[in-house]
Structures are given as structure tokens and as C-alpha cells.
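Both complexes shown next keep subunit A, but they swap its partner, so subunit B is in the first and subunit C is in the second.
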Partner chain A sequence: MVDLLGDYTIRMVTIGSAIVGGLCGALGSFAYVRRQSLVGDVVGHAALPGVALAYLISQSKDLAVLMLGAGLTGLLALAVSILAVRYCKMDQGTAFASVLSTSFGVGVLLLSLIQQTHAADQAGLDRFLFGQAATLVEPQIITMAGVGTGALALMLIFFRPLVTLSFDPSYSRSTGLPVVGLESILLVALVSSVVVGISVAGVVLVAALLAAPAAAAHRWCTRFSTLVAVSAAFGALSGATGGFLSSTWANVPTGPLIILILTGLVIVSLLWGRRRTEPREVPS
Partner chain B sequence: MLWDVDLDLPGSQLTAIVGPNGAGKSTLVRAALDLVPRQAGSARFWDQPLRDVRSRIAFVPQKQEVDWDFPVTVRDVVLMGLTPRLGLFRRPNGEHLQKVDEVMERLGLQPLAKRPISHLSGGQQQRTFLARAMVQGAELLIMDEPFAGVDGPTEELLFATLQSLRDQGHSIVIVHHDLETVAKNFDHVVLLKREILATGSPSSVLVDSNLRLAYG
Partner chain C sequence: MTSSGWVVVIILLTCVTCSLVGCFLVLRRSAMTADAVSHSVLPGIVFAFWISGGLNLFSAFLGAVGAGALTVGLTKWLTRFKLKREDAALGIVFPALFSVGVIWVSVAYRQVHLDTDAILLGEVLLAPFEQLQIGTTSLGPVSVWLLGPLLVLATGYLKLFQKELILESLDPSFAKVSAPAASQIGSGLTLLLCLAVVASFTAVGVVLAIALLIVPTAVGRLWTDSLRLLIWLSVGIACLAGGLGLFLAFGLNLSVSGRKGKSSLSPPMYWRSILRATGTTRRNAG
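Moving on to the complex of A and B:
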């Protein structure tokens, strides 16, 4: 194991996947308790046209540039869905589903366009579909860690008001908390974690990185702060394991492997987690 | 939908807003607190606009508005009542925490402090919500259906607590559905059905002619 971690590729994939898993696990807790896990799916799918556009405009495959493009289209898609719900009275599921598939369609179109015109050069872009961490190099890991640290810092600085807002929006507004500002901060942090996540898990699977660790952690935790920590730990652990296995054992893509490990964790937690869903008999 | 609401509520009294389902009781208090949009009109508290006095008002939303499966303990929820005092960045100090303990003691919540809110009875949920509001130390308490799904003993405890808050000078406005408990427990009643039908003391408002207008 120590020897294997001495190998550059294996080390990079393992570290990169652990960062992604931990980050998405932490931020995903907020999406989970707000019953907004689909937000990850929308932003993930909408990141694809962003990656393609960023490449078309800059002609560069620098991860920071592609992530910026992904983040911008992710935020745009989220804004469109939220506006459709608020002003067109569209059902949230319908809005999310339409925006998600439309932006994914645009992304696939752009990718095939790039493939036809820049044939030799685009090889790196389709790894954003299902995620392939094997090509990660150190500067990319540093970019991912930088963005991730920013997102985590936002979450930690505003932790208390964000929890209050997530638990009870009406009450939070009545106390004069800056609700719109806090919602925006949370969305930016969430989008950042999705954008970091797609380089390992791909745009299709990244939603599971947000939802699964929190769903598993909820079975073991009664307080939100613990849930965030446990969820981040589950994510990082699954990420590291999946990253390590995918780069040592056969040539399997990293994203799907991490997701399968997470699914295993969810099943174990559902079966043996100590928190039961039915209320206990309690004296009043 | 509400119209022509022109209402002036007395201070330091226990006021009930009653009316049939769909009368707009919740809408009235939510519009006053800027939680739902208003087409027209304004609400003033102590002759000042809401934004200047938010910290003097505590709101208790309907119980079903929150997810009771949310991973927090009773004490966590009560601590959220410190939000207006702490703002975005400050952390609770010893004095704040003492206030939290006092309020929880008063409402009999201390033994439940570490219990996850998913394991509470209806009455315990309402006591937790009231405790969160009391921690704010607000002068005006606005509660939306705090007695829904509450057992008898809890109802008595809630009324006793609210009445002693009133005796200390607090004003309390409650959206209420149970006419039978109004006369005994409230000082002032507003009868609502899309507009104000009557307002005043329980004995003057709850007369047959008014009730027929509202419920008939």
C-alpha cells in the first residue's frame, strides 16, 4: 500500500478523489436536509455545456478554465429553474428535469461539434461525462483543493445562520436574517463543490456524491454539525478507496466505482444505522 | 386573499385571531411580517415600520412548516432563537446560554434538551417552538396555530406561560382555531373572514350574529 501510494498516478487519483468526496459530502449535507439533492443533478448536467464552451472560447484544457465555465452554466441553469418555479409557477421537479436535460443536450451537441472540428485535441473533454480521475496531475489537484477550500470556508463562516435558514425559512426571514444573501452563498458553495466533483465523477454521476454520503450519515447522527462531519468523512473515505482501487485494480473509471462504494455505505446505514425513523414512545 | 383590513391591536394583551378555514388568518399575520407579498397597505408596530423593530418581534410559524426529521436536537432549535441577537457572525456567550437554559427550564424542556426533534410529541414540538421565540426576548409574540395537535396538559402549560408573559408586559397575537378556549384565555379577539368582521373583547365579539356571519 505504501509502495503503491509512492506511484505518482495512484497518489494523485487517490488524493483527488478524497478531496472531491469529502467536499461533496460536506456541502451535500445542506442539499440533503433541504430536500434539494436534485440541485446537484441540475448543476452537474448543466456543467457540461460550460466545459465545452470554456474550451471553445479559450482553446485551453486548463482545469481552472473549464471549471469556471462549468460553474457559470451551472449557476445559470439553477437560476433558470428557480425563476421558472417562482414566476411561471412550474412544479419544481418539472423545472429541474427540463433544465437538466436541455442543458445536458446542449452539452452533448457542443462536445460532438468540438470532436468534429478539433478531433485530435478534445480527447480530454469526454472524461467529464462519466469521470476519469486517472489523468489528474498535481496542478489540477491544487486547483481543486483551492476551490474546495473556498467552498468549505463559506460554509463554515456562515454555518450557524445557514443551519437556521435551512431548518426554518419563515422563521429566519421573520428575524431579519439576510435570507437571499445566505441562499446565494449556499448555492455558490454547492455549485463549487459540484464543479470540483465533475473532474472525478463526471457530470452525470456527481449528484450521487452530494446525496449519498448525507443519506448514509443521517442514519448515524442526531445533530446537523455531526452529520456534516460524518458525511464528509464517508465521502472522503469512499473517494480515496474508489480512487485507489480504480487506479490499481483493473482499468475502471473512478466515478462509478466511488458511487458504488457510497451506495454500499447507504445500504449498510439503512440496515444497521442506529437512528430509527419511527418515533419512540416518549413521555410528554 | 384579504381585503380592507384595518386593524389596530392593543399592547400587553393576549389577542386571538379566529375565523373559519381559509379566512386568511395566517395570511394576515404573515403579510404584516412581510413573509408574503402585499398588494397594498402597510403594517406598523409601535408606530414604526417593521424593519426598525424586527428584533422586538418573535414569530412562531405553523408546526408543519418545518421538517421534523431535520437532524437537530431540542436545544439546537431553542438556540436558534438567539439569531437576532447574534446576527451572522457572533457566537453565543454565557449570558445567552443562561437565558436559553432559563427558558427551557420554564417550559419543562430541560429533560428533552438532547433529544432529536424527530422524537417529540406534538406538544413537545410546540413547547420547543415557543422556547425558541422566548429566547429572543421579544416584546411582541406572533404565533400561527400554536395549539394545533397539542394535548390538554400542554395547552394549559402554554396558556399559563403566555398569560404570565402578558402580565410582564408582552403583547401576544395568536392565530387560533378553537373558539371554545377563546373566552376563557384571551383578552382580545379578532374575527376574520377575508375581512375583519368584528374585533374587541371576547364577550362582545363572540355573539351569535357575528358567528353566523363567519361560520354560518
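Moving on to the complex of A and C:
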């Protein structure tokens, strides 16, 4: 085990996946209590046109540049769907599904454009479809850790007001909290964690990185701050295990393995968790 | 008929079927179920491949429908008894199934060419070449034989059970009291959804099938409050988007499925309708 961790590739994949899992677990608990667990799905799909655009404009496959593009379109898509819910009285699921499918359409279109004009250059962009942790190198891990630290710092600095906002929006509004500003901060943090997650899990599976750890953690604790910590721990644990196992077994892709381990955690928690029934809901 | 003629037929059949089913899905507020089903068909297709020992459209179809039904069933069970949160349940179930599919493909079928791209993204230009053959005579593309009967089935089902479906979407508890079969009829709708998603993967790929299912109704809903009008509107919008997308894609030589997803967004109508809806909301509030 110690010997194996000495191997550069295995170490990088394990560390990278643990960072991603922990980050998505922590911020996923906010999405969970706000009943927006599928935010990850929307941002994930909407990241595809961003990645393609960033590549078309900059002509480089630097992870930081591609992640910036992904983050910008992800944020835009999320903002559009939230505005559609608020101002067009659209159902949240309908808005999410419309936005994610149209932006994914734009993404596929741009990818086929890249394939035609820059033949064979699409290879590096494919990693965003299914995720590819096996090719992680140190500079990429540093980029991911940087973005992750930023998102976590935002969450910790504004922890109290963010919790108030998530559990009781009308109370927050009545006490004069800057609701729009806080909501934007939370969205930026969520989008950054999803974008970091995409580089390991891919645009489709990142949804579970956000949804599963919090759902499992909710069976073991009642306080929200504990939920965030436990959920981050679950995420990091399954990230590290999945990353480690997939780089030692041949041919097993990292992202799907992490998701299966997380699913196992959810099943165990649902069956043997301390709280078997859902507590009374805070009316929203 | 020429192969580009068949392409037009396949696209239009897909558009009409998807938008019809999508109308009732949006009404039930389960648009994201379409997203989940469209992703989790992958393990079903791999399973069919494993059982039948080769990729033929019919067994893939059965496997995919099974996987879709499994997704909906698991989500419903989790939502009702365990998690109480539909968004989290969906967000766990479909990635788990998708992961099983991806791992299965990459471990067991590394040498076999099971083209995941073609399933996820679709390539309609190839669809006319897979012909249904009986003896030596070919009877037209297989996907037309899948989509045509499905359209008839969907229209019949929705027309027949329209009342129950509407009742169950708007007032589930009243539906439970007054029409005991309502929830079974609702499950029938999700089965139709699975069929529609799988049947349209030859035309537009499973991911962009969501666009055809949900976007036409979402746009149409901004214009009208009447269900009858909404159905016609969303079928019209879907066909318009499909035709326009095909026209532009042939003209510009781009990925057909990509252009189709986009063209539902690109006409200024989408934005006009949002403006109009906010205008109406404001009028009502004032």
C-alpha cells in the first residue's frame, strides 16, 4: 500500500479524486437542503459548450482555461434556469431540463465544428464527456486545489448567512440580508465545485458527486454543520478509494468507480443509518 | 424513397412523438425524469448486447426500456420510502446505472466496438441504411418501423387516458380517491417516456431527446394556459425546430443532432415568449 502510494500516477489520481470528492460533498449539502441536487447535472451539461468555446478562443488545452470557460457557461445556464423559475413561473425541473439539453446541444455542435476545422484535435476535450482522472498531473491538481480552496473559503466565510438563506429565504429577506448577493455567492461556489468535479467524473456523473454524499450523510447526523463535514468526508473517502482502486486495476475508469462507491455508501446509510425516517421538514 | 427523404420522415416522427409525451411530463412536473431515463439506458443496451451476443436494434430497444423502467421504479421507491427528496433520488439513481454501463463496457467490451457516442449523441444520417428486411424485400428503415407504431400507441394512450393523466398531475390525492387506476395510468406514461427516449436515439441521440421532449412544451407553456392549445403548439414548435435544424445542418454540414438541440433555442421566438410571459405575470400582479 505504501509502496503503491509512492507511484506518481496513483498518488496524483488518488489525491485529485479525494479533493474533488470532498469539495463536491461539502457544497452538495447546500444543494441537498435547498432541494437543488440536480444543479450538478445542469452545470455539468452546460459546461460542454464552455469547454469547446474556451478551446476555440484560446487554442490551448490548459485545464485552467477550459475550466474557466466551463464555469462561465455553467453559471450562465444556472442563472437562466433560476430566472425562468422565478419570473416565468416555470417548474424547476422543466427549466433545468430545457436549459441543460439546449446547452448540451450547443456543446455537441461546437465539438463537431472543432472536429471539422481542427482535425484530430478533439482528443483532449473528450475527457470532459466521461472524465479522465488517469491522466492527471501535478499542475492540474494544483489548479483544481486552487479553485476548490476558493469555493470552500467562500462557503466558510459566509457560512452563517448562507445557512439562514438556505433554510428560510423569507426570514433572511425580512431581516435585511443581501439575499441576491448571498445567492450569487452560493451559486459561484457550487459551480466551481462542479467544474472541478467534471475533470474527474465527466459531465454526466458529476450530478451524483453533488447529490449522493449529502443524502448518505443525512442519515447519520441532524445538525447542518455536521452534515457538511460528514458529507465532505464521505465524498473525499470515496474519491480517494475510487481513485486508488481504479489506477491499480486495469481498464476500470475512475469516475464511474467513485460513483459506484458513493452509491454503496448511500445504500449502507439508508439501511443502517441512525435515522431511518425523515425528520419534520422546515416549510419553504 | 431517397435516404434524405427517410431522414426527414424519421426526424418529424421523433419530433411529434417526443413533444406529445413531453407535454404530459411537463404537466406532471417530472421533466428531470426524462433526463435521468435518457442517461440510464446505457447499461440496458450493454446488457442486451451481453445477452444476445451482438448489437441488434431490437434487443437494444428491449434492454434500454428495461433500464429506463428500473430507473423510474427505483427513484419512485426511494422518493416514497427512503429519501423523500425526488431531486436527490434521481441524482443518485441515474449516475449509478450509467456508471455500471460505462464500467461494463470498458472492462468487458474493450475490443468490441460498441459506439457509445452514437448512442449518446446519435447520427440520423446513418439511420436510413439499417433496413428492415423480410426475405429479400426491404421494407424501409428499422427506426421508422419503431417510431411509427410508437406514435400511434402514444397518441392512443394519451387520448384515452387524458382525463386521468390531467387529474393525477393537478390533484394527486383527489385522483387517488376518485380514479383508483390513476397512478397505474401515470406509470404507463413513464413507460411511454422510456419508449420515446429509446426510439429517438437513432434520430437525435438520447441526450438531445430531452430537448425534444421538454423544450417545445416549456416554450409553448409560456404562450397558453389551455392544454388543447398547448399540445398543438408544442408539436408545432418541435416540428419547426426539427425541420429548421435539419435544413441548417444540411446547409452548413454540421452535426445534425447538435444543430437540432440548438435550433429550439435560436429562433427569437423563445425570447419573445419569455418576455410575453413576464408581461402577463406583471399584468396579473398589477
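Assume the second predicted complex is superposed on the first by the 277 of 284 C-alpha atoms of A that agree within 3 Å, B and C clash if a C-alpha of one lies under 4 Å from a C-alpha of the other, contacts with A are read in each partner's own complex, and residues count from 1 in each chain.
Quick note on the criterion: contacts are C-beta pairs under 8 Å (C-beta built on N, C-alpha and C of every residue); 3 or more make two chains touch, one makes a residue touch a chain.
Since the structure is predicted, the reported quantities are computational estimates derived from the model, not experimental observations.
Considered on the superposed subunit A, subunit B and subunit C are sterically compatible, since they fit side by side. Between subunit B and subunit C, C touches the greater number of residues of subunit A.
Of the two partner chains, subunit B is the only one that A:177 touches; subunit C does not reach it. Touch criterion met: A:96 reaches subunit C, while subunit B stays clear of it. Contacts of A:207 after superposition: subunit C is touched, whereas subunit B is not reached.
After the superposition on chain A, the angle subunit B-subunit A-subunit C between C-alpha centres rounds to 90°, nearest 10. Once the two complexes are laid over each other on the shared chain, residue contacts for A:164 go to subunit B alone; subunit C is not touched. Contacts of A:257 after superposition on the shared chain: subunit C is touched, whereas subunit B is not. Looking at the shared chain after the overlay, A:266 reaches subunit C, while subunit B stays out of its contact range. After overlaying the two complexes on the shared chain, residue contacts for A:35 are found with subunit B and with subunit C alike. In this overlay, which is a superposition and not a single complex, subunit B and subunit C have their closest Cα atoms 5 Å apart. Within subunit A, the residues touched by subunit B in the first complex and by subunit C in the second are 35. Here subunit A touches subunit B in the complex through residues 33, 35, 157-158, 160-161, 163-164, 166-168, 170-178, 218, 221-224, 226-227, 275, 277, 279-280, 282, 284, going by the rule given at the top.
Interface residues of subunit A facing subunit C in the complex, by the touch rule stated above, are 32, 35-38, 40-41, 45, 84, 87-91, 93-98, 100-102, 104-113, 116, 130, 204-205, 207-208, 210-212, 214-215, 251-253, 255-257, 259-260, 262-263, 266, 270, 278. Every residue of subunit B that touches subunit A in the complex is listed here, in rising order: 30, 33-35, 51, 54-55, 57-61, 65-67, 69-73, 76-77, 80, 83-84, 86, 88-89, 91, 114-116, 118-121, 123-124, 132, 136, 151, 153-154. Within the complex formed with subunit A, the subunit C residues making contact are 26, 29-35, 39, 82-85, 87-92, 94-96, 98-100, 102-103, 106-107, 110, 121, 207-208, 210-211, 213-215, 217-218, 221-222, 253-255, 257-262, 264-265, 274, 277-278, 281.
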